[in-house]
Amino acid sequence: MILYFLCLILFCVGLYGVLRKRNIVKMIIGLGIMEYAMNLFFVLMGYRFHGRAPIDAKDQNILNMVDPLPQALVLTSIVIGLGVTALVISIAIRIYEKYGTFDITKIKRLKG
Amino acid sequence: MINNPETGMTLIVKTITRLTVGLILLFGIYIILHGHLSPGGGFAGGVIVALSFVHLMLAFGKDVAVSRVSKNLASNLESIGAMMFLLVALLGFLRGSFFLNILAKGSPFNLFSAGTIPLSNIAIGIKVGVGLFAIFLALVVLERSK
Amino acid sequence: MNSATIIPLFVIIPLAAAFLISLVGKFIKRSSETIIFISSLALLSFSLYARFLLNSSAGKIMIYKIGGWTPPFGICMVLDGLSCFMLITVNLIAFFVAVYSLPYMEQYTDKPKFFTLFSLMVCGMNGLIITGDLFNLFVFLEIASIASYALVAFGTEAEELEASFKYAIMGSVASTFIFIGIAFLYSFTSTLNMADMARVLSNKQNEWVIPFVGVLFLMGFGLKSALVPFHAWLPDAHPSAPASISAMLSGVLIKTLGIYSLIRIFFNIIGATQGYLTVLMFLGAISMIVGVVLALSQWDLKRLLAYHSISQIGYVILGIGLGTPLGILGGLFHLFNHSVFKSLLFLNSGAVDYATGTRDLKETGGLGKLMPVTAKTNLVASMSIAGIPPFNGFFSKAIIIIACLQKGNFGYAICAVIGSILTLASFMKVQKFAFLGEIKDKFKNIKEAPFAMLFSMVCLAIICIFGGLLLIPSLRFFLDDAVAVILKGTGYAGVVLEAAAK
Amino acid sequence: MELHILLIFMIFAAIVAIEVKDLLSSVIAVGAVGFALCLAFLVLKAPDLAITQLVVEILCLIILIRATINKDLPLVIEGRWVFNALSTLGFIAVFLLFSWLALRELPRFGEPIMEVVKKYLQEGVSKTGAVNIVTAVILDFRAYDTLGEATVLFTSVIGIMAILRKPGRKKKE
C-alpha cells in the first residue's frame, strides 16, 4: 500500500515538473519521470511475495512465479516512452534552432 | 579504422572502442537470438545493437559510422525489418488466425524451439536496432549542417 | 475463412501501405500517391462491406480471435454496431483527405514521409476502433497520437513546431493518466479484455476505485477530445497543421481517440451511472458556449474553425451525455455530420491557402468570383454547420435539442440554440470576408484549386446535402445499431463473451 | 524493505532533477532515477524489464545530453506565476488524496489476483514452446500488442526524420 503511494508521489513530482517549469528540457524531463513512475506502478501490481522470475528452469517445476503480464505490457510501455521522448526532444532541438531559447514563455509567436 | 586525430575522441577511447564494439554487437545479437530462452528479447537486443553503432560513432566521429550505415540505408533496413515482422504475422493466416504460431514448437530448452517467436525476435531486433541508429544519425547530421 | 477475417484487414492494409511507402517512396516516382490512393479506397470499400456482413451476422456482432486464443487469454477484435459506424466515418473522411492531399502536398518537401505518417495515423485509429482489449486501445491510441504530433509539425516553421510541442506534451500527459487508469483496472480485475473486465466489475462491488478510475479516464480522454478544461492545445495545433491534416485532426482524430474511447469505457465497461452522465452533459454544454464565444473574435480562418470544433464536440458530448435513446441518436448523428462538414471547411480553407497563400480573413476578399467551386462548397458547409434546414447539421442539432427538452433540462436546450445562432453569425462573417466583397489587387491572378482537391470537396459537399437521408427508416439501421450498442451498456460483456465462445 | 529505500531515493533524485538550475545536472539526475528504476525491476523479479530499461535509459541519456550540451545554459528563472503554482499543487493534493482512498481497495501489495495469468503460467511452455513466459506473452499470447509496439517505434522514427529534415516547405515561386 505504501509502495503504491510512493510511486504515485513520484508520478506527481513529474507532473509538477511538466506543469510548472518554464524550460522545455525540464518539461521533457518531467515527462520522463512520469513515464518511469507509470511503468513502476504497473510492475508493482504484479509482484508476488517470494515469487520467482517468470522463466522456467529445466529441472524443477516452479509454481510461485511472479505475474508475467504486467512485465510484458511495461516492456511495450518503456519503448513507447522512448519513442515519445525522442520525438519531443527532436521538436525541442528544432525549436531551439528557430527561437534561440528553451524558455516556453518567450516562445509565443502563435497569436490568440 | 582511420584514426585521424581530429575527429572523434582521444586515442585511448579509440583503442578501447576498437576492442569493445565487436563484443557489444555480439552481445546484442546473443540477446536477440536467445529471446525466448533467457531474459531480454527483440527490443532489448535491438537497442544494444543500436548502442554499439552509437558507441562507434561517438568514439570515431561521424564519418566512420556513416560510411558503414548511411541514413537512407538505415531507414530502408528499418522498413524491411518492419515488413518482415508483418509477414511473420501474416504467416499465421495460412493456418487459421492472424498471429498464429504455426511453425513447429520443438522441445522447449534448445535454441530452435519456439516456432515463430525467434523469427519475430530477429525482425524486431533488426527494426529497433537500425531505427534507433537512424534517429541518432538524424540528430547528429542536423548538428553538423547548422 | 469465416466472415470475421475481414476485421484484421483494417489494420493490415494501412500498415502494409505505410511500410511499402517508406520503402519505395523515394525511388519510384509517384509510387507513394498510388499506394495511398489504393489503400484508402480499399479501406473505404471494406468498411462498407463490413457493414453488410454485420447485418447478416448473429446478434449484430463479429469477433476475431487473434492467434487463435479465446478472449480473456488472447486479444480479440470486436466489430459491433458502434465500431462499424466509427469505421465508416473514419475511412470515408480518410479517403477524401487522401485524394485532397495528393496535389495539396506539393507545397511541402518529402511527400513519401507525409503519406507514411498519414497511413500510420489511419492505422492507429482503425486499430483503436476494432480492438476489444484495453491495453491494445492504449497502444493504438499512442500510434495515432505520435503520428499526429509529427504531422502537426510537418511544415517545420516556428509556429508549427511550437504548436506541435505543446500538443505533444499535453497528449503525453493524457496518455500517462490513461495508463495509470488501466493499471488500476488491471490490478482490480486481473484481466485486460474489455468484455471480461465489464463482467468482473459488475459483480465485484467497490467504493472508490471505479469513481477514481472514471475521473482519470475522463481527464485523459477529455484532453484527447478537447473538452473545455483541457482544450488549450486545439486552437494552436489545428491551424498550424497542413490543411489536410487539420481536416483529419478536427474531423476524425479527436472523435475516435476521445469520444469513442469515452463511450466504450463509460457505457460498456464501467457502466454509466447518473453521476457520470450529468458531468458529461455539463462539460458538453460548457464546451459549446466557450468554443463559440472564443470563435467570434478570430480573424485567422483555420483558428476560427478550430474553436468551432470545440463547440461542436460539446454538442456531441451533450447529446451522448443525455443517456436517452433520442439523445444518443442525436449525438452520434451529429458526430458523423460534424466530421463531414468540419473536414470540408478545413479543406476549403486549405484551397484558399493553396491559391492565395494566406489564411487571414482581413486580406482575402471576393474570392467567390475567381474560385467559384470552393465558394459554393464553403457555402454548403457553412450552412450545414450552422444548422440551416435542408442540410444535415440541422437534423442532428434538432434531435439533440428535442432530446434535451424531452429530458427536461431546458438550460442545455437553450445553450444549444444560442450556440447554433452564434455559429451562424461567425460563419456569415467567414462567407462575407472570404468569398463576397471586392477582390484585393494582389489576388487578381489566382486560379481555382486543382481537380483532385475540387473532387473531394464536391463529394463531401454532396454528403453534407444528402446527410439528412440517414434518418429515413430504410437507412436508420446504420445509426440504430450504434445506439443499441451504447444503450446495452455493460450487456456488451455478455454478448462478446458468448459470441467468442462459439 | 529495499524497495522502500529505492523509491525514496528515486523521489529525491526526481525532485533534484526538477529543481536544479543547470540543465546538464538535471539530465544526470534523471539518469539516476532511471537506473534506480532498473534496480527496482530487478528486485521485483523482472529481468526482461531490467535489461530493456537499462539500455533504453542509456540511449535516452545520450539523446538528452545531445540536446542540451552546447545550448546556452541560461540561469533558469523560477516557475511561471503564482496561480499556476497554487492550481498545480492543489490538483496534486486532490489527486493523491483520492488515489489513497482508491488504493486501499486494491488487492494488497504482493498478493495479485492472477486469474487470466494462471493459464499463461501453466501452458506457457507447452503451448508456445518459449521458456521465458514474458516472451511467450509478448510474441504469442498478445503478439498484436507487439505489432502495435513496433509500429509506435516505426512512427516515431519516421516522425523524427520528418521533423528534422532541413527545407520544410518548398519556397513559393
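As written, the chains take the letters A, B, C and D, and residue 1 is the first residue of each chain.
Note that in this section contacts are C-beta pairs under 8 Å (C-beta built on N, C-alpha and C of every residue); 3 or more make two chains touch, one makes a residue touch a chain.
Keep in mind it's a predicted model, so treat the numbers as computed, not measured.
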item: Comparison of A-D and C-D (more C-beta pairs in contact); value: A-D
item: Where chain C and chain D are represented by their mean Cα positions, the distance between them in whole Å; value: 29
item: Chain A and chain D: spacing of chain centres that average the CA atoms, whole Å; value: 2
item: Distance from the mean Cα position of chain B to that of chain A, given in whole angstrom; value: 23
item: Inter-chain centre distance, chain B versus chain D - centres from mean C-alpha coordinates, in Å; value: 22
item: Junction residues of chain B, two or more chains touched; value: 38-39, 41, 43, 75, 78-79, 82, 86, 98-99, 101, 108-109, 128, 135, 138-139, 142
item: Shared-contact residues (touching 2 or more other chains) in chain C; value: 15, 19, 22, 66-67, 135, 139, 142, 146, 149-150, 153, 156-157, 161, 164, 187, 192
item: Chain A residues counted as touching two or more neighbouring chains; value: 8, 15, 45, 53, 55-56, 69, 73, 75-76, 79-80, 83-84, 86-87, 90-94
item: Chain-level touch network, classified as line, ring, star, complete or other; value: complete
item: Interface residues, chain B side, partner chain C - complex; value: 72, 75-76, 78-80, 82-83, 86, 90, 92-93, 96-101
item: Interface residues, chain A side, partner chain D - complex; value: 1-10, 12-17, 19-23, 25-26, 28-30, 32-33, 36, 39-40, 43-49, 51-56, 65-69, 71-76, 78-87, 89-94, 96, 101-103, 105
item: Chain C residues touching chain D - in the complex, by the definition given at the top; value: 15, 18-19, 22, 66-67, 69, 72-75, 106-110, 113-114, 116-117, 120, 123-124, 127, 133, 135-136, 139-140, 142-143, 146-147, 149-151, 153-157, 161, 164, 184, 187-188, 190-193, 196, 206-209, 211-213, 215, 357
item: Touch list for chain B against partner chain D, complex; value: 31, 35-44, 47-48, 50-51, 54, 58, 75, 78-79, 82, 85-86, 89, 98-99, 101, 105-106, 108-109, 113-117, 120-121, 124, 127-128, 131-132, 134-136, 138-143, 145
item: Contacting residues of chain B [partner chain A, same complex]; value: 38-39, 41, 43, 108-109, 128, 135, 138-139, 142, 146
